[in-house]
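Please read through the structure below; I'll follow up with questions.
Order of writing sets the labels: A, B and C. Residues in every chain begin at 1.
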């Protein structure tokens, strides 16, 4: 996963343009992707697909001809969606177009201006402080013209048409945790799912933030009813602990699944309520859709000092952290796949487990007592009202133990689906 | 407000009589009042309007002719509803009629005997301790006879016939916090409301405790269905922090409004559950009526040492505390007036706020980020199920910010009522 | 109660056989019992009544003829349901049949093997450690043959056919707290109830654990609908604090009653959620029955070191603890008997209590203020939706005070049932 982050990192992504296309090509080497190109001007919900932006080169040369700002060093140096410029300007004339972080003087900030036409450069505050008065040769060789918005989907088909959505934004330029780590973890999750032949269908959406999710929703209004659960995946690789942000509903299936998995895992984590800010859960959870979609991150957006700066580089992303994020997702998938309601076929009194070899059947394992408790709980609560996840929560037993107990009981003819 | 407390303080009020009439005359100088006179013997719910009590003079003279107890010094000196007396008694004969506070020897207690005919004096325990054996000339020049019970109403008409009730008891003699401060704050609130031209109709009831509220309820049985919210206002001026006591229902509109306002205010405060004791919320919340009426006090009845003693004098009441009580009420009025449910007209995805100038429209203020969050919350939750108060509570944003955001969105055509 | 524990203690009980019969005969000296004999092979729910087991003698003699294990010393020495043995064995041959507690070397464990035919002895680990190689004369003079399962019922008839169930297991041999203390407390409770002439009918079931409860349920499937509340009573005499385990429903009447009684008592106690393990609440709360049956113990099963060892002897059981358990049960009975919904006949405003002498009627008691509060609470909440227990819980007043207030109000014509 970390290699994919490193490979994608240098590309100059934005909400449209060749950086996104190239990113999706590279992802497509691992996963077959259905790539969609939506023309500029297309109306999508309350929005309109904007012009496509591409950037060939950009720099600021000082009087000696030295590039004091050079886009090839970092894609963050240019304000996203900057209009073309070719001019000679004094520092005073240039300064309103320069963005720095005075409190983090050695970092380049990330800035965009999608919907107000302007141009600008982002640079280290310490670089700015050392600039002489000029004049400077200022070049942004960009195009902002009719074109397309690009997004992609990958589907892992399941037995059922019910869908689980995993959505990642792919519009940020050279930022590793936000959101190349999310993309890399999603790719790995999709590969694992393909081996599992799942019950649910899993749909991965790789799209620019906001306008991309809105475009996807606009093109899939009739299909969103199939989405039973979903996750927006972002900031999946920093060294902070996991954070699950609930869906707008607060008690959707994904909310219960993620909270159970995180609690049972023993991993440090935080669960926070929905708020209409953050990543594309804002769109999926808008009141007209109100999907059961939460968000999984490690440290949330804006809550780490490297956020939206050049310090969010591949070194900020830890392979171990991405693996932990992936394992957590896999545990959630396991619950989504295995959760169901059973009916105890012998509900009057306890059935005699010993006669059916069910005490012995699990006797060799060290957690026999917990296995037996799991069987007793499944029998006691399989009344048609309780799912296996309900049982795991009420019994405070891990879901897999409960699900295994249900399988053993089903094999013995004591449960039916 | 404090001047009104001082002016009303010396009057000898009781549940009937000229003290109440004079009190209402003085209140009537600020607010037009509709004064009701209900004859003795009138049946009101389970009760009967009692005889009217008036007191012209009362004293106890020692053998030297000095008044050791003198009603003109404090109206507390006479037990409320004392029958007439004119007798010469030894201290031993007098003593069963004398009430003191041995643990607060320098204070005069407040005592009444509305429904058992007797007479008595209240005095400082230290005065009692110094009394020689007598004999004493004992005079209570009172009348207890058929007459009327007096109460008054003031109505601030609103656009709607829905009513908000504010109820104050006016039966306590020279006690300042309990309840002249409540009366004074209610008067000021009514004056402010008149300037606002409110949506709801506000009804102020100034009535004797218990029998007055019962009388009002008896005469307004058909009208109480209009009361959507209400407050019993008492002990509004002491220096303790605010206390809100919930209605019997516990989650009535007034309960949610007061709890939100108090929490958002940052003022120290306490919220307590309903109990069938205290002030006239007992009557408004009796099970046959079960009105959404709570009670706002500062320190609750009985919980301050000055309660029902001569130490509850105008000096015990602080202008700042009355102002704070008034401001809290005004904030509650603001919620009652502005709370409503809107419908997001663009509920699929977020509407593009930038295009409508809604990011900029509030950009000059220092809390721009909170304004934007308020707009996002209002859009996200305006699904017909959530009121602005619901949104303020879920977002933990102050109600006025949420209501202002709703107005801005409504102006932009994104919300409708 | 302690004398009964001591008398029953030496008997060799099991899930069938003469030990249970003799136990029930002794209980029957205090209470008339209906004894049921259910033949081996009878199908009961998912189970089958097993063969009857009886034990005449059992010992292990060392080469010198000394009995190193002697059943007459303790009924725990023989594994319950041991098949007959008469053999000469070396220590190595014998050892697989010997059960000890290495961590409690001076205690004899309690072991059974109801459904797998085998034999064995239980002994102190320190005894085992001192045994020479043998050979040993090994004798278990038992019979395992068609016979009966024995259980008994005692009914205290009430005005209503609604039943309260009290269930005790009677299958453990020489173990005092588990469950002779439970049996002794149940006997005393039944005697007290007979004097009370209760509203509900109280049914006491004395049956072997698991198979006995299952048998009773099988024979009473049509009757269980009458059981409105119930308790499994066990471990009623150790010196630990009381533990109430909720029914599967969690908010059944018995749950609310027991929690109120324990909280109001001021006694140290613990309330735990239902789990499908423990005593016969497992059967009564199986999903097909789902009865409102909780469990009252002192220290729960398995949570004290004496559990299922020879240290659970009559000295482990305290008369004071049994009395406290009984008093707690009696307080619960009082709530079950007296709880009901009243209707306030004067629900508009407070009725005038003084006129009816209701302030005075209780005036002589030291807790007059609490009595008055109880009356006000009963009046305020007697709207048809709240029972006296609801009122006691909401008011945080003890149930008897609330029930007495309701009686006084009913006598005054202010309440009706």
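In this text, a contact is a pair of C-beta atoms (placed from the backbone, for glycine too) under 8 Å apart; a residue touches a chain by one contact, two chains touch by 3 or more.
These numbers were taken from a predicted model, which means no experiment stands behind them.
Engineer: So what shape is it, when you link every pair of chains that touch: line, ring, star, complete or other?
Structural biologist: Graph shape here is complete: every pair of chains touches.
Engineer: Same or different: at the chain A/chain C interface, is the fraction of residue numbers used by both copies above or below half?
Structural biologist: Different: when the shared numbers are divided by all numbers used, the fraction is under half.
Engineer: Just the number, please: Cα centre separation of chain A and chain C in whole Å.
Structural biologist: 55
Engineer: Can you tell me which residues of chain B touch two or more of the remaining chains?
Structural biologist: Correct list: empty.
Engineer: Flag every residue of chain C that touches chain B in the complex, lowest number first.
Structural biologist: Residues in contact with chain B: 344, 346-352, 354-355, 373, 376-377, 379-383, 395.
Engineer: Hey, which residues of chain A end up touching chain B in the complex?
Structural biologist: Spelled out, the residues of chain A in touch with chain B are 45-47, 115-116, 210, 213-214, 217-218, 221, 248, 275-277, 282-283, 285-290.
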